[in-house]
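Below you'll find the structure, written out as structure tokens, and then a few comments.
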Amino acid sequence: MSASDVVEEYIAQLSRWGRWGPDDELGAFNFTSAETVRAAVAEVRSGEVISLTLPYDQRGPQPGGFRSNPQLITTATGTDHVAGAQEQLPWGPAKGFGYADDVVVMPLQCGTQWDALSHIFHRGQMWNGYSAAEHSSAGAKRNGIERWCGRMVLRGVLLDIALLRGVAALEPGYAISVADLEAAVQAEGVDVRPGDALLVHTGHLEARRNRWGDYAGGPAPGLSLHTAPWLAEREIAAIATDTWGVEVRPNEVDRFQPLHTVALVHLGIAFGEMFDLSRLAAACRAEGRWSFLLVAEPLPITGAVGSPVAAIAVR
Amino acid sequence: MSASDVVEEYIAQLSRWGRWGPDDELGAFNFTSAETVRAAVAEVRSGEVISLTLPYDQRGPQPGGFRSNPQLITTATGTDHVAGAQEQLPWGPAKGFGYADDVVVMPLQCGTQWDALSHIFHRGQMWNGYSAAEHSSAGAKRNGIERWCGRMVLRGVLLDIALLRGVAALEPGYAISVADLEAAVQAEGVDVRPGDALLVHTGHLEARRNRWGDYAGGPAPGLSLHTAPWLAEREIAAIATDTWGVEVRPNEVDRFQPLHTVALVHLGIAFGEMFDLSRLAAACRAEGRWSFLLVAEPLPITGAVGSPVAAIAVR
Amino acid sequence: MSASDVVEEYIAQLSRWGRWGPDDELGAFNFTSAETVRAAVAEVRSGEVISLTLPYDQRGPQPGGFRSNPQLITTATGTDHVAGAQEQLPWGPAKGFGYADDVVVMPLQCGTQWDALSHIFHRGQMWNGYSAAEHSSAGAKRNGIERWCGRMVLRGVLLDIALLRGVAALEPGYAISVADLEAAVQAEGVDVRPGDALLVHTGHLEARRNRWGDYAGGPAPGLSLHTAPWLAEREIAAIATDTWGVEVRPNEVDRFQPLHTVALVHLGIAFGEMFDLSRLAAACRAEGRWSFLLVAEPLPITGAVGSPVAAIAVR
Amino acid sequence: MSASDVVEEYIAQLSRWGRWGPDDELGAFNFTSAETVRAAVAEVRSGEVISLTLPYDQRGPQPGGFRSNPQLITTATGTDHVAGAQEQLPWGPAKGFGYADDVVVMPLQCGTQWDALSHIFHRGQMWNGYSAAEHSSAGAKRNGIERWCGRMVLRGVLLDIALLRGVAALEPGYAISVADLEAAVQAEGVDVRPGDALLVHTGHLEARRNRWGDYAGGPAPGLSLHTAPWLAEREIAAIATDTWGVEVRPNEVDRFQPLHTVALVHLGIAFGEMFDLSRLAAACRAEGRWSFLLVAEPLPITGAVGSPVAAIAVR
């Protein structure tokens, strides 16, 4: 069977287009509910909060070009205040008052981030069959990241594949299989439930931290295309990894990012990328407990195809 | 007593500089702990999630100029894909694959946001006595917003002053007094605890929604300067309102934003601005319950003096 | 004859697509040559230099939104130097050395500017018949503004229609006719030659200066659609006005900017917009001489569909 | 004599602060006049126009970071038009009309550019003694680049030091001496006059073109600090080179960019950097004529400390 055939075959078997009606823009977040929120909150024991987000700054993983690292721009500074350039405030007497202000220029997928359902297309369509032309220079009229606001209070499960394989980090090109996922579930004694967020720890981010090289676009470990049926069956809402693109690179078949095509475009699953899972993995290993409350709301940037995210695990 | 004297007097009475050592950059978040996180989580009953964040887009409250509304920039579009301009991908064979990508240009205080402790200065200094020159064109070396990551899992209390005063919205210029705050606490039967986030509902955002006018910088209801001792005594970590600047405008004394000077610069309290509290207030009123889990992590933009925030209340 | 028919009729009569071969991206600049450059230079008498460019800043004509005014961003400031934040330079000992640096964020058509031949499309095509899909999120592969570099040393002719009509400024909606153009040529005693730049003074910019209102997109005086054959016959290289869009608004026929469709897309003429012609018109009137050297090079921003321009008339 | 002493000595000997009054912001452009414009224009013989500006795009010389290459952003595309996303125009019936629009984000000194007199400070002051605090986050109140509009119609003289030394390119670290400048003047038989722009060809840009490496900030040939008296005596208005910083790097004395301190801050001379002089040098060599009309107007970006420039030589 040719590469394209495999992808089309999975789509034919698994696609959820239309499952929640012709106007759906939530995708797999239809598996979440007030009940899953309560279950997520019930995972909190100690009150420890672990941030999963890389710093957004010029030392980030991007090499420049297509997606640069975020640029912080100052529009008023403490030095302005100290040097006397703020003595005449436009709004009232200063009398010692000073201020700083700033702007960020940020490619929305430059660091820790969610892909929206408008991020990827297949043969002219995005999630639920909307035309790709619903995304233009004006942004996304359908499936924008803002559709998910209020949905990112999730039960999180960490599957630690690096631990399973007995390595600090999986090698670039390592394709995480269904067998790996099942083995991790068994080893950890954790259950994966509908509406969960699955966090997959490869160790690749830690191996490259601050020596990024081609981290943000090069070869990487990641999920095999052939995990698509398993992901579908588990009815997870979201999957996130400590790599730039969730799925293994180079791709297993002769086309670009086939798992995005199946699992994001046709299953409606949120893809989280460049999540910093090192501290969380260490905490899970130390305690032998692999589930937690994950809060990871995207910014409601209207029509955006992704969003940076201040993701936290609460344990 | 002159205006300056009042402010200097409050500073003399209340300042917490040095309280948590000469290197502290957390400010009032020192009142939070794993214990306060557990107490915050314990507020969840139904699993309802309410977003408190305004959409980030060109229809936002900014009139242009100093702080513009966020601009979404597309760097790859669905229309590119549909029109055939993505047939040659740089990364591998497309075979039907298409993508969209984007960048945001966002003044960090243009919409729903937190002020960092590096946002405001008084007489050449910021929180804990650091020189204002620690904030330059390179950003904040001290008190950047990133210092608060992992700290914004808080017990939230809504004080509904509009309800208390029997109006849809307080008038611009209305100074919320200690008596108002105390009356709301009484009427709601809620307790305010160390490490809490206090959300103050004025109705002003709802009165101006989508007809913003001078909402983002003009006269507004807000906290009186003279609530500073009360805020200090309650040991709250954060305060947020549905107005652009937390405190009443025009200011009560002849200087710009005196409560920022006392409560942000000298008490180290996080100020949250333009929080959209309408749905939350309605839910609290309906249920007669005024406390909840607030998760409102800032983006860890290194050296930034504020951050947009995807804030949620979980009830 | 319907509106569409008129436009299609002019295209059928006048289109120059293919005239200079299938690979041409110069359009009407094919009428320029070293000879026209010498003739342009020969117009200089006194050595007076008159800038035709509006300041690029936040007080410019844009109301925000689609095209905002240019934003100057500072990345290093004199106040940083004064406040001591530049004492450690990354490049060598400061010993008193300080510097400022900055970035501009500028919609390329926000102020005085040229439209490139990739700016406007008609029925899926741009100048010379290239597909509009040659312009994507990656910019213009064909007809980018950079194609015109080195071509903007032109003989300029000012046609002062405000003077002709005896008004300070033509009214919005006033359609400048062939009769007007011919009368101005007669009254001024000037000749219009192949390769010239035609500058048309309406007075509209002066009438709105610093009280811009809807100047940058609203009703305006401008050229009638029916001047297209006259513009073609004169073989001018460029036309520029002191209005936002060269042609009259509201449009004379029931479609948007029909003269752009005929004269830019099919004749390959450069359109210059928001040229500040007041000082130049005054100088021409004072001297009774209406031709000059125009130097108005675009910035070679690769793939851009327009460019700000530091245009000057030298007399 | 110590390094600082040399610089301070030159300043003591040469400084022009106050020479043209306490309010001067033109600096050495005071040497220009209508007469120098006429003389510049009189240099035109053939009508050949040679662009001296590098393309502004992502393939430019910047390595990222402090000053990135310019970023072209599209806000409307030909692909939008082709894919049908422009069928509903906000301004009138499309009937086949389509458009593209774009924005540039450009560090003002990322490519071919002029330094303004507000770009460099010495001991808290800029040209003519203004406080460096006149440049804040709001830009330059004094000595902004816009002060020079209408002044950049100059007689240009190319001094070809690479030719003089018999090399394709001078080596990084080669300090061009007064003897070199004098020898080139002699060899070329050209005169340097008050108000001229001096263009110095090192060959360094050509040696690095499209293999930029550290071109935009690393070691480079350039003018010796000790040319300062010669530059002062010649009363030139501007100097430009095909290197990133005009003066030799590493610097000859133990401080950063001492010639900027003397010649820009104290003589008020415009510094032009990364001018692409290859074609011009070839034309001068071929013809044995080293003077020409230089038109190199900066964009009037209010308060900017530099500007990209579409510079041309007309011969």
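Per-chain numbering from 1; labels A, B, C and D assigned in written order.
Keep this in mind: a residue touches a chain if its C-beta (ideal position, glycine included) is under 8 Å from a C-beta of that chain, and two chains touch if they have at least 3 such contacts.
The structure displayed is predicted, hence computed values, not measured ones.
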Tell me the fewest steps from chain A to chain C, where a step is a jump to a chain it touches.
1
Chain B onto chain D, same sequence, C-alpha superposition: rotation to the nearest 5 degrees is 180
Copies chain C, chain D: same or different interface, half of numbers shared as the threshold?
same
Where the centres are mean C-alpha positions, what is the separation of chain A from chain D, in Å?
45
I'd like the Å distance between the centres of chain C and chain D, where a centre is the mean of that chain's Cα atoms.
25
Specify, in ascending order, the residues of chain A that touch 2 or more different other chains.
74-75, 77-80, 82-83, 85, 103, 105, 132-133, 136-138
Chain contact topology under the given definition, line, ring, star, complete or other?
complete
Chain B partner contacts - residues on chain A that touch it in the complex
3-4, 33-38, 41, 44, 46-51, 53-57, 59, 66-67, 70, 72, 74-75, 77-79, 81-82, 89, 91-109, 118-124, 126, 131-140, 146, 149-153, 217, 250-251, 254-257, 260-261, 293, 295, 297-306, 308-312, 314
Listed in rising order, chain A residues that touch chain C in their complex are 73-75, 77-80, 82-83, 85, 103, 137
With touch defined as at the start, can you tell me which chain A residues reach chain D in the complex?
58, 64-65, 68, 71, 74-77, 80, 83-86, 105, 132-133, 136-138
